[in-house]
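Two complexes come next, and they have one chain in common, chain A, joined by chain B in the first and chain C in the second.
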Partner chain A sequence: MAAVAPTRAEVLSLFRSLLRTARQFSDYNIREYTRRRAADAFRENRALSDAPAAAAAFVDGKKQLEVAKRQAVVYSLYAPKAKNIMEMKLQ
Partner chain B sequence: MALSRRLLPVLLRRGGCLSAFPSAARALSTAAVPADAEEEEAVTIKGVRISGRPLYMDMQATTPVDPRVLDAMLPFYLSRYGNPHSRTHLYGWESDAAVEEARARVAALVGADSREIFFTSGATECNNIAVKGVMRFYRDRRRHVITTQTEHKCVLDSCRYLQQEGFEVTYLPVRPDGLVDVAQLADAIRPDTGLVSVMAVNNEIGVVQPLEEIGRICREKGVPFHTDAAQALGKIPIDVNQMGIGLMSLSAHKIYGPKGVGALYLRRRPRIRVEPQMSGGGQERGIRSGTVPTPLVVGFGAACEIAAKEMDYDYRRATTLQQRLLDGIRGQVDDIVINGSMEHRYPGNLNLSFAYVEGESLLMGLKEVAVSSGSACTSASLEPSYVLRALGVEEDMAHTSIRFGIGRFTTEEEVDRAIELTVHQVKKLRDMSPLYEMAKAGIDLKSIQWAQH
Partner chain C sequence: MAHSLAAAASFSPPAARRRPPSQVTNAISSRGLVSFNSQRMSFVSIRSRPSQLRFKICCSAKKETVDKVCMIVKSQLALPDGTTVTGESKFSELGADSLDTVEIVMGLEEEFNITVDETSAQDIATVQDAANLIEKLVLEKAA
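Right after this comes the complex of A and B.
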């Protein structure tokens, strides 16, 4: 099956889903990383001009979204009671 | 950028993670604020009370498991729990397939062949097999080992063990910047030298040794070259053929993989043989007996695959963050020494010594930042780090060294907070320090005759 490049709407929807899933991580570092890495990856791949490369990146992005969704649940199941210092108000 | 502008109000409206805005939540409630709401979240351990979990900057000790790695591992704890050496059923077959796939991923990251990778319990076990195993196999013709004074304890301890068995070991000194003198190494090689062991990236000071040069010399002289690449794997590019590496120790938990697994690279052409240290059923081609732990190995493979993709991104980020950390601290306090070469360094490892500050008290005051002084392996004793001593660092400066580890998940805010906490603590201690007063007044501390009472 020929690789079809994703539409702009599909890409934006995937990006929003990734950011939404990132917010659901109970761990500060993972949450920030997911958000940042997604933003940087989409920004970098914006320049991808040929269809197969863009399609491959999109498929990879969808896979990462599935992983992120599962792991957000796992991390919240085992979230420690004490918050990370970075998440607390400055004394 | 139009995209982020549109998303920003969405994020703010949702409030993100509610715990980040406790005041907002409380403002909507009419219930009285419980007196000890904050206290509940504090952590008390070993008599120390911290308000929350510290920010983690000790990446050289260990790294958090990447969620993508955990995702790859979980099925093997839940339903695919077979023993990879079971030949008779699906559970064994699928477990074996997963192990072999992981093996290929580890091999790809270092430019090796799958058949050259052997799974072990970690880099310490690999170092033991490499040092003791090689020398014992060739014990009739090779009686000499060359290593450096800044190697990991397991290498040094294995060498000491060999000395008791009658082998000779040369512990090469390093220059003040932590790098080994390659000419000196070449001179030290004898006709009966059986192994040269030099670690790729030092765990305490982050210095990167000239592997290609050392590999070239070892290849010319026909001596196997072993490198402990536990801190280097996935962080700097490694190619076993370009670097002339004969044996290599790899560890999973330094590259966002699980603890308890590592791999030994053993060259096939020319073949390097070792005497196995674990006797048993002959798993891993007889090199390392024992059931291969499928979930851990799969995690290691996933970590290597991710590292291959993310190496450039992570390296650039670590460089930026390290510069931010250094500038931030140096901009506010003076009399700081960076231990180890700045040019030949992996940027995620910054070891600083603060003059006129007592090390233990500095660490005690930094309980909201998880950092270390000396390496985790030697911190049980109070002796100053032997690595810093090998660099020629004075005892008092060695005691006051702090190692900051920056990794894939470190944020700019964490670096800023670490700077703030460190500077605050250093200034506080220096204010109390009579030695600092005297030094600022221009007195040379070395010239003081301390009176006996």
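Right after this comes the complex of A and C.
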């Protein structure tokens, strides 16, 4: 399978989808982790210059997006009733 | 620009306001009402009104929107407190790469409770662009 490097727009679109999926988590911790991990991974792989490595990273990212989407649905079934303390405004 | 719009909105046709020249001086006493008597026996009254909110739609975004955007940009890029972020600052000048820009747009989406689509997000280059887009989307949402 010929590895075609993803275009810039595709990469940004994947990043945006990951961040949007992160928003759907009701748990603060998982939400923040997803955001952080996505940002770190994309930043780390920024400098990948050869096409196969970039393509592999892109496919990996897509798989993670699928995982995140599934987990968002599962977690929403068991959403906690109380707000996490980090989400409460300072009184 | 708001002034000229207000003037255009309150322009009264000359025929309705035609008065003989002798009575023109009596009409000038009201605050904000200015009438010019030309040679042709018809005058135009230009009323200046304080610019109302509805005239600002076609102008650039409100100041508080721009300020909020600046604040989010500063916290996202972790800029030191001394840096000035104005409407004209470009994201690239502030040290943001495209990933940072995506994160900033996400933060703005959450803050203003709007959804920015892909193509619009690509065009955002300065703080002012972002603020204008936000205003537009907020208006569309409220409508």
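The rule we apply is simple: the second predicted complex is superposed on the first by the 91 of 91 C-alpha atoms of A that agree within 3 Å, B and C clash if a C-alpha of one lies under 4 Å from a C-alpha of the other, contacts with A are read in each partner's own complex, and residues count from 1 in each chain.
Rule of thumb we're sticking to: a contact is a pair of C-beta atoms (placed from the backbone, for glycine too) under 8 Å apart; a residue touches a chain by one contact, two chains touch by 3 or more.
It should be emphasised that the depicted structure is a prediction, and the values quoted were computed from it without experimental measurement.
Asker: In the overlaid three-chain picture, which partner chain does A:Val4 touch, first (chain B) or second (chain C), both, or neither?
Answerer: A:Val4 sits against neither chain B nor chain C.
Asker: Report for A:Val59: first if it touches chain B alone, second if chain C alone, otherwise both or neither.
Answerer: Neither partner.
Asker: Check the residue A:Asn84 against both partner chains and state whether it touches chain B (first), chain C (second), both, or neither.
Answerer: first
Asker: Considering only the touch criterion stated at the top, classify A:Ser13 as touching first (chain B), second (chain C), both, or neither.
Answerer: So A:Ser13 only meets chain C here.
Asker: Looking at chain A, which partner touches more of its residues: chain C or chain B?
Answerer: B
Asker: Can A:Ala51 be said to touch chain B (first), chain C (second), both, or neither?
Answerer: Neither partner.
Asker: Given the touch rule stated above, what does A:Arg23 touch, chain B (first), chain C (second), both, or neither?
Answerer: both
Asker: Indicate the residue numbers of chain A shared between its chain B interface and its chain C interface, in ascending order.
Answerer: After superposing on chain A, chain A residues 12, 15-16, 19, 23, 39 contact both chain B and chain C.
Asker: Which part of chain A faces chain B closely enough to touch in the complex?
Answerer: It is residues 12, 15-16, 19, 23, 26, 29-33, 36-37, 39-40, 64, 67-68, 70-71, 74-75, 80-89, 91 of chain A that touch chain B.
Asker: Touching residues of chain A toward chain C in the complex: what are they?
Answerer: Residues of chain A touching chain C: 8-9, 12-13, 15-16, 19-20, 23, 39, 42-43, 46.
Asker: For chain B, which residues count as touching chain A in their complex?
Answerer: Listed in rising order, the residues are 3-4, 7, 11, 14, 16-17, 19-20, 22-23, 40-43, 50-56, 64, 67-68, 70-71, 74, 313, 368, 408-411, 413-414, 417.
Asker: For the complex, which residues does chain C have touching chain A?
Answerer: So the residues of chain C touching chain A come out as 97-99, 102-103, 105-106, 110, 118, 121-122.
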